[in-house]
Amino acid sequence: MSEDTKPARPGGASPDTAEAPSAPGTTAKAPTGRRIPLPKPSSVLLSLCSAALGLLVWIGLTKSGIEDLPGPWAVAKRGAELVEDGTLFDDMGASLRRVLTGYLLGVALAIPVGFAMGWYPIVRRLIDPWIQFFRMVPPLAIIPLAILTMGIDEKPKVFVIFLAAFLSSVVSTYQGVVSVDSTLVNAARVLGAKDRQVFIGVVVPASTPFILVGMRIGLGASWATVVAAELIAAQSGLGFRMQQAQLYYDLPTIFVQLIAIGAIGLVMDRLLLLAERRLTGWQERR
Amino acid sequence: GDDDSSSGDRKVTFGYIGDYSGSAALAVAAKQDLWSKQGLKPDLKVFTNGPLQVQALGTKNLDFGYLGPGALWLPATGKAKIVSVNMLGQADRVIARPGSGIAKPADLKGKKIAVPAGTSGDMILNLALRETGLKPSDVSVVPMDPSTVVTAFGSGSVDAAAIWYPLIDNIKKRVPDLVEVTRTEDFYPRLTFPNVFVTQPELAAKDPELVRKVTAVLRAANDWIVANPTESEKITAAFLKLPAAQLAGSTKYVKLLPSAELTKLTQDGTVNGWFDNLADIFVQMDKMPKRDAAKDYYLGDLYAGAGGVPKQ
Amino acid sequence: MPTISFTEVSRDFALKTGEFHALDRVSLDIHDGEFITVVGPSGCGKSTLMNIAAGLLDATGGTVTVDGEPVHGPSPERGVIFQQYALFPWMTVRKNVEFGLRIAGVGRRERAKTALRIIDLVGLGDFADALPKTLSGGMKQRCAIARAYAVDPKVLLMDEPFGALDALTRVQMQDSLLETWNRDRRTVMFITHDVDEAVYLANRVVVMAARPGRIHRVIPVDLPYPRTEKMRLSAEFADLRREVWNAVYHQPASSERTTP
Amino acid sequence: MSEDTKPARPGGASPDTAEAPSAPGTTAKAPTGRRIPLPKPSSVLLSLCSAALGLLVWIGLTKSGIEDLPGPWAVAKRGAELVEDGTLFDDMGASLRRVLTGYLLGVALAIPVGFAMGWYPIVRRLIDPWIQFFRMVPPLAIIPLAILTMGIDEKPKVFVIFLAAFLSSVVSTYQGVVSVDSTLVNAARVLGAKDRQVFIGVVVPASTPFILVGMRIGLGASWATVVAAELIAAQSGLGFRMQQAQLYYDLPTIFVQLIAIGAIGLVMDRLLLLAERRLTGWQERR
Amino acid sequence: MPTISFTEVSRDFALKTGEFHALDRVSLDIHDGEFITVVGPSGCGKSTLMNIAAGLLDATGGTVTVDGEPVHGPSPERGVIFQQYALFPWMTVRKNVEFGLRIAGVGRRERAKTALRIIDLVGLGDFADALPKTLSGGMKQRCAIARAYAVDPKVLLMDEPFGALDALTRVQMQDSLLETWNRDRRTVMFITHDVDEAVYLANRVVVMAARPGRIHRVIPVDLPYPRTEKMRLSAEFADLRREVWNAVYHQPASSERTTP
């Protein structure tokens, strides 16, 4: 008796993972054909390098004689001022609230709509052209419409962000549903699962990776729309402050807001990435 | 300072623009607590331009708003009513780069001129051209965003620009010896660029008492500013959360008129004349097909009447 | 009364080049408690036939009844084991096996008990909480079998279930399948490439032919159950093996047109 | 001898396509469990239905008492005027030129950068945070920078569009490279292919589907940025005209431009979809 | 001089639970022109051993030489046929087969000629311009074989190449492989699950054992070439079959720790 046929024995627990047996471990090698792997620099170090690289490019641009372009120092000084008088955090709070609300609503709607589009071809063919159509329409063009229908409070601002998040994540969601392996659906059906159970038990978990990619795309779209949204009678917010700084051609302030938006967005993106890793750990990866 | 006023106060939504002339009256009114004296509670909304406010007036999301001179065609086409004149803008200039050979408006012929479309800058350029008998087609007009004008002019992408202070201060940092070809004052008093407060077209008829009260607040604020111009710059900067330096000197570029004088000018028809003159320019600029008469959209009587209300 | 009854079942696929006859008037009765194996050249319609019985595919002609009822869609009465395992990759082995029971509304405690018993049966006891991606091919296949067993179907439809297993595990799984079948005698329809396996397991071996897909011969296997390792080496077994082999290997030339 | 082992015979050509033999043809059934497939409505009919649906929603909104919202009729009239005096087609031409230039440049850069990021993990880890950062930054905020560095001609306008296209398609490209099946790479290497040949012969074609999805996403981003781009000293263009109409609160004109942008974008998207179908016909699809 | 020489080759994988010894000091010499088959329980390291010889995986201990040269990365000298076909899905059969020739810089006309000859050899003549997705599993496998043949490698490394084929096609492919090998006698290392196949093809059958992966026995097959269908039914064949079977099936219990 070989122990292989009795994998229940102690010590045989984890190693039986070779899914692609003809090339196990090749992924450990860089595809460049290098045979001795370089010592892998730590991820923190690389992040620092990346940040330093960006800073260097910036300083380079400043020095290269582009007039008016504020350097890191000027921007940091202005940033400190804005932190001191509290506006920066107020603005962050205001924008974050809007973006989160719009984004979460957008994703919350995108998921059922994406599922419906993926599940019922008729729905897909009726709605898809409109989704693609509105994906092309600039958020700036939506503003008059949003004011007409929703006034000038938080609603239209959140709506503009919501729309951006919705449009960009719905596509990914329905592509996820369309690409669910039909064998899995069949496997559930032969076990007696009805439509609803197939949907909840198979389609939803199987499309989670796509939904999460869609959520990341939607996040970018939401933040990229915040300036447009805050054109509508905003009292505070990073986008509003940026607009105001443009009135006075105050480039350091613009840079502070720009960096704040990028940084918050980046942090949120990394959080989503973490969630993705966690929720889709069951996937086989390269 | 409206938060501590009694809960029975009438709520008024008021739009404004975050620059000195667009905010000063409201900043002072808030600081001096002028609203509660009229039993009003303001809800202030900041906008980046006039047309958006007029749109919000149309959807009843705003009761009052602020328009610069470039947006005065909106009331002139019946989309809003003017409740009061705020200040007379004198910040607009046609400027030219040194060495462009432009010293007077006539030299603009054939030159490349940066203009923020639909603003007072657009208008002063039109006036300057008309004065010298040039047609818009005789120059090469490049429409662009106000802050774009700064860069475009600074980098020499254009020969001239029609733009205003304080943006010109920014330009001066890079082009200290720029030439001011025309200034707003050149046209005063024949023509001036008033910025105004407006309201929904129906509100004046439906609730004249409210309009009168608001006008009273604005008058009081205006008179305070006339008395304390430098102080008002500081109050406005604080109100807008801007560095005080950014607004220092703003009053240099506006003409402040005491409300008594404005009342007089309203009653003798001068103010209506300003509006009609501007409206004619808009028609000539093809901004609108035809104009209403100023008396139909400037609530001069209400303005004059608001002065008679005793302060409480 | 036969459990599964195919009557003149045809299945055509529309292709650019015309109709393709994957199955042409196939008639076959599988009796209650019978173990049928199906062999035949690749592309002869074995999977198509099984999918029709499972209710995953419609016949374009003829009728299929299970227990006298015409087949309309899949049912937990007919357990299916797919060639590609089709495990739910986001569920552990235990969750996979419990899936059908949860659908059937079995209570939590009961569910866990049944699942663990069956997982032990296929020798995955220590891997109950492992995700499919950490299992080897053979273990995945055994998990799929456990999942089908769990809902205790009256009929088992198995499409080359042991194709991915090495000779060793394969023999083990064959024996364990026969052992279970011996106990409860459910009806089994078992597709395989392996002539040896077909003979070792079956009451009757169905040999199919291709183009159009049809039944070529049905060979009864008169060996007693339980079958043993020794039986595999017997002369009788060798004879049967040769008979099936010849039936598959030396099929008469058929009409070669896709549209006969 | 069965003919199956001699597939070279006539008549045996095409049917051997059963890749997932345990579930052939199941995709022909709607996943809803309906057994008799509905007669499939023609795609043209569905497109018409979809268009009619949109029109109905619009008319419904107009009638529902939202003041100032122009109805289809008013917009059509204004559209006819703009066609007649030639501005609409001029604007279309101007915007199309900008979008196409920026978009093509963006995609052209995104592909090599995406490849580099996918191929060299170091490059990915250095550049990825910046890509994600700039994905969050609103295009409106880029304008002052673009003007500072590029003046006010066509360059900065094209740049803003270029950036939008680049940022959204680079992510898809490198995800495509990362997900190239390592077995295929190995297959090429054991046939003697060196890095360059593996790259051109395997990585590029294998990631084509992803690149094309990225190109579609980038197209949406490009059109959605055209208004922001045409804030920069544009003389004509759909976005410029829309801005101007917003200044004068001319909603029918805004709608005409909005529909023009959406329609051109939709047509371009459908063309890309066609290209995708054509170039990735080798893929197995559900 | 042996063509492929494994000397004390070990391969460990780092796992969360510690080191896992996939191969433990494996030594094996494969001679020039020899046909070796490798059998053993699933997970015993067959694929790992082959991948090391192919240069796709590094050994963590010991050395592998091919023609006396230590292995550093893959080379067209060593043709590999992967278990999952690994055809380039965007290329037609012809383009797939031509790929290696193009890499080697063979001219267009020459390339087409060679490719077509080999495609005919594996019986895909009519499918030269078909895309992989339109091929059945067996046809895909034959295409992969043709692709490896085309570059005329000195050594062929085949990982369960006939696993997906039905009995019929399988026998055909075995015979055609042997026929080719008989002609040019290249060195072949052939992994299989099938004991029958292992005996039928090999000069020597290498039986591996698991945990840790190692060589259990090497069984020489003293049947003459060419091998025939009749030989398969001979007593001598049956004896060898039983010997290999027993070697795989009745392996001595090994140390069961993953970290011995």
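Each chain gets a letter, A, B, C, D and E, in the order it is written, and its residues are counted from 1.
The rule is simple: a contact is a pair of C-beta atoms (placed from the backbone, for glycine too) under 8 Å apart; a residue touches a chain by one contact, two chains touch by 3 or more.
The structure presented is a predicted model; accordingly, all values stated were derived computationally and were not measured.
Chemist: For subunit B and subunit E, what is the smallest step count along a path of chains that touch one another?
Modeler: Step count on the best path from subunit B to subunit E: 2.
Chemist: Check D-E against B-D and say which one is joined by more contacting C-beta pairs.
Modeler: D-E
Chemist: Can you tell me which chain lies farthest from subunit C, using the average of the Cα atoms as each chain's centre?
Modeler: Computed centres place B farthest from subunit C.
Chemist: Among the chains, which one keeps its Cα centre farthest from the Cα centre of subunit E?
Modeler: The chain farthest from subunit E, judged by C-alpha centres, is B.
Chemist: I'd like to verify one number: the distance from the centre of subunit A to the centre of subunit E, where each centre is the average of its C-alpha atoms, in whole angstrom.
Modeler: Each chain's C-alpha centroid was found; their separation is 45 Å.
Chemist: Hunt down the residues of subunit A that sit against at least two other chains at once, touch-wise.
Modeler: 2, 4-5, 9-10, 12-14, 16, 18, 20-23, 26, 33, 67-68, 143-144, 148, 183, 186, 189, 246, 249 - these are the residues of subunit A that touch more than one other chain.
Chemist: So which stretches of subunit C touch two or more other chains?
Modeler: Subunit C, residues with two or more chain partners: 41-43, 56, 73, 82, 84, 86, 136-137, 168-169, 248-249.
Chemist: Touching at least two other chains at once: which residues of subunit B meet that condition?
Modeler: 55, 59, 145, 147, 151, 155, in rising order.
Chemist: Which subunit E residues qualify as touching subunit C in the complex?
Modeler: Residue positions touching the partner: 39-43, 136-138, 163-171, 193-195, 233, 242, 245, 248-249.
Chemist: How about subunit A: which of its residues touch subunit C in the complex?
Modeler: Of all residues in subunit A, those touching subunit C are 2, 4-10, 12-14, 16-19, 21, 181, 183-184, 186-193, 197, 201-202, 205-206, 208, 281-284.
Chemist: Under the stated contact criterion, what part of subunit B meets subunit A in this complex?
Modeler: 15, 18-19, 44-48, 52, 55-56, 59, 61-62, 145-147, 150-151, 154-155, 166-167, 170, 174, 240-243, 246
Chemist: Inside the complex, what are the residues of subunit C that reach subunit A?
Modeler: It comes out as residues 54-56, 73-76, 78-80, 82, 84, 86-91, 99-100, 103-104, 123-127, 130-137, 139, 147, 151, 168-169, 172.
Chemist: Spell out the residues on subunit D that touch subunit A in their complex, using ranges where they run on.
Modeler: 20, 22-23, 26-27, 30-33, 41, 43, 46-47, 49-51, 53-54, 61, 66-69, 119-122, 125-130, 132-141, 144-145, 148-149, 168, 178-179, 182-183, 185-186, 189, 194-195, 198, 217, 219-220, 223-228, 239, 242-243, 246, 249, 251, 254, 257-258, 261-266, 269, 286
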